[in-house]
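The following pair of complexes shares a single chain, chain A, combined with chain B in the former and chain C in the latter.
Take a look at the complex of A and B:
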């Protein structure tokens, strides 16, 4: 029992680093991906082109390859700038995860019907004002669950940066396994700790979606309504 | 003709030694190979888990299944005499230990001894003797372990010393999965010191770099007991495969007696001036 408690103490310390890493990455990814998503629906072609390029490039690069090439390839530069392995990991995870999140946000923004843009334009609102007062309030609720889904993906992806000396839970677990030779037990505990972290996040995602929708005066659809909507969409396509 | 006689002789002696040691060869994942005397995971193949090159101890490559250095020369001679084909399972240090424990590899690239590991692995004769040293840049003023406090220090996960370093350095310890990664980070200046065996000085990426200093570690430094500061490296096998380790030892005796070990020493591939040591051919206190 004391052995298990010792393992837990070590793994929880690693989990704290994982949470810090994921939290920083998520906050920065939300900011960066929002910017990229706004660029992608901008009326200015160069901004749209840049957003497209960013998404295409960073969705194509594996996290591991980028982390290793940045950390070891730019080692002296990072050191001279005072950037730690943790900072490098946050930076690498942010640029990659932002590419995915930006696409999800773009989808959310583009799901608002064209008529809304036209209506805003007819009352004299410019592009920025339309986005701020008309589009964002409607696209925010559907963006929240996808953001929390990304948070879960970030937590799991963060294990990859164990290769650049960030003492997150996977690296700590590997050291523990090298001392105890009990991989099943150690990784079993790691899986339980991940579950304890991620399951509440999934639940929170649903609760926040409902709360935000209520605040905006939108009633979230029930599962039944969602199913009916899907069926009617299929019917529309067939009828068309 | 000579080779087949040698195989037969080794086989007979192996049976006697194995019987004398009272060891069992539980072949739960193994298949018979030469004369049913030794068993490997894949018949006719000697699978070796490696965690990278560390001359003169081990050279991995250049081919996918080529090894050299002292331990490589030993294993190649063994494989040749027993008609086995060498196949490498290239991985990280800690995964090398697991690969042997879980029966994914017959042999694990030589590692140090400690009593905990001895409960999981059966050790061969030693290959060489290595000492823990502290690598710093020449510009760093090293005056003992305390001078490293508050500085970033790199080492490799899974080493026998690592738990001591974790206690001593806390969050300033950077753990890497391979020696090459740890040494690269140190060379880049991402860590101000690198803690590893002395032989790493002769290997890439440090490669005899003139701006690096090596500082010996004394008993009690970093809280490390004297008996694990200088370590012999041993091939490891699964506890269920003692016969394989015993056959390796017989091969090593034969290499010594025939003078072939001198050839392996001469062809270790290490840079000129690399110190070599051939510790006495004795197995450590086995714990299997």
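Take a look at the complex of A and C:
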């Protein structure tokens, strides 16, 4: 029993690093992807083009490939700049997850009907004022469950940076297995800890999604609409 | 330019392994996903409840951890599989829980009156699924399943963590033996972009076409 307690203490310490990693990545990704999503609906073609390019490129690159490239390629430069593997990991995860999140945010921004833009411009609002006072307030509530789903994806993807020496839970578990030679038990505990972290988030996301849909009156009516929404919702939680 | 000439032959075997892993894992995911979807929607709680549980658990566990469990875990219980098989099984299982959701959403596109009609003709529930529901579901699940394939092409990089000689594994070896990290990194990342962007576009077009056809 005390052996289990010892393992748990070690793994929970790793889980804390996972949470820190995911929290930093999520906050920075929300900022970066909001900016990119705004660019993608801007009236200026170069900004739209940049947003498109960013999303296309960084959704194509595997997180691990970028992490390894940056870690091996810029390792010494980053160390001399005082950037730790943790910082590198946050950077790599943010750059890629932002591409996915930007695309989801663009979806919520574009779900606002064209007529609202026309109405705003007819009362003399400019682009920025329209976005700020008309479009954003309406697209924020549906963006909450989307962001929570992204948080789940980020937590899961953060396990990849165990391969660039960040002591999050997966790396800590591997070190523990190197000592104990009990992979099933240790990974079993790791799976339970991930589950405990993610289950409340996915539950919250589901409840908020239902609440938002009810308040906005955008409940899917037909079976087909419901199915289509579910089809796209599965894609939401699957980044990486 | 010389670096690219040096690196291409070095990366080619790895690229083939990447394709092998992604195709293999995709087949596992598509087949297992359908089984999971049918089991989850089954009216026997003995079948549906454990399926719901496993789907929820696997959904919450990172692909890398699933892969480690398959590779390191199975060997401690006496099942030894090579890293390539482990990658195909691990990534496939991890992806199957998402495919199951695609199928289940696809089933919803078929009006439930059709199930009732099938049952009233004396077909068993499984026969209704096979002859009535699934054939009509296919157009709806093809685009998301193709997207899954694109995702698995990227996830195949994880196989390098258990020593399967895929693209990133070879690339890393090249970086370590030649010290030419930056050009190698550009080539590897470039290959992923070249492979993924057109495929993603094609799936999007296909999706729109199917949607337009089914609506008409």
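The rule we apply is simple: the second predicted complex is superposed on the first by the 205 of 240 C-alpha atoms of A that agree within 3 Å, B and C clash if a C-alpha of one lies under 4 Å from a C-alpha of the other, contacts with A are read in each partner's own complex, and residues count from 1 in each chain.
The definition used in the following text is that a contact is a pair of C-beta atoms (placed from the backbone, for glycine too) under 8 Å apart; a residue touches a chain by one contact, two chains touch by 3 or more.
Computed from a predicted structure; not experimentally measured.
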item: Touched partner set for A:167, first chain B, second chain C, both or neither; value: first
item: Contacts of A:183 with chain B and chain C, given as first, second, both or neither; value: both
item: Which of chain B and chain C A:57 touches, first, second, both or neither; value: second
item: Contacts of A:69 with chain B and chain C, given as first, second, both or neither; value: second
item: Touching partner for A:175 - first (chain B), second (chain C), both, neither; value: first
item: Chain B versus chain C as contact partner of A:78, first or second or both or neither; value: first
item: Contact breadth on chain A, by residue count: chain C or chain B; value: C
item: Residues of chain A that lie at the interface with chain B and also at the interface with chain C; value: 72, 162-163, 174, 177, 181, 183
item: Touching residues (chain side chain C, partner chain A) in the complex; value: 56-57, 59-65, 68-69, 72-73, 76-77, 98, 101-102, 104-109, 111-112, 140, 144, 147, 151, 154-155, 157-158, 160-161, 168, 171-172, 175-176, 181-182, 184-185, 188-189, 192-193, 195-197, 200
item: Partner chain A, residues of chain B touching it in the complex; value: 93-94, 97-98, 101-102, 116-117, 120, 154, 157-159, 162-163, 166, 171, 174-177, 181, 184-185, 187-190
item: Touching residues (chain side chain A, partner chain C) in the complex; value: 56-57, 59-66, 68-70, 72-73, 152, 156-160, 162-163, 170, 173-174, 177, 181-184, 187, 190-191, 194-195, 197-199, 202, 223-224, 226-228, 230-231, 234-235, 237-238, 240
item: For the chain A and chain B complex, residues of the former touching the latter; value: 71-72, 75-76, 78-80, 85, 162-163, 165, 167, 171, 174-175, 177-179, 181, 183
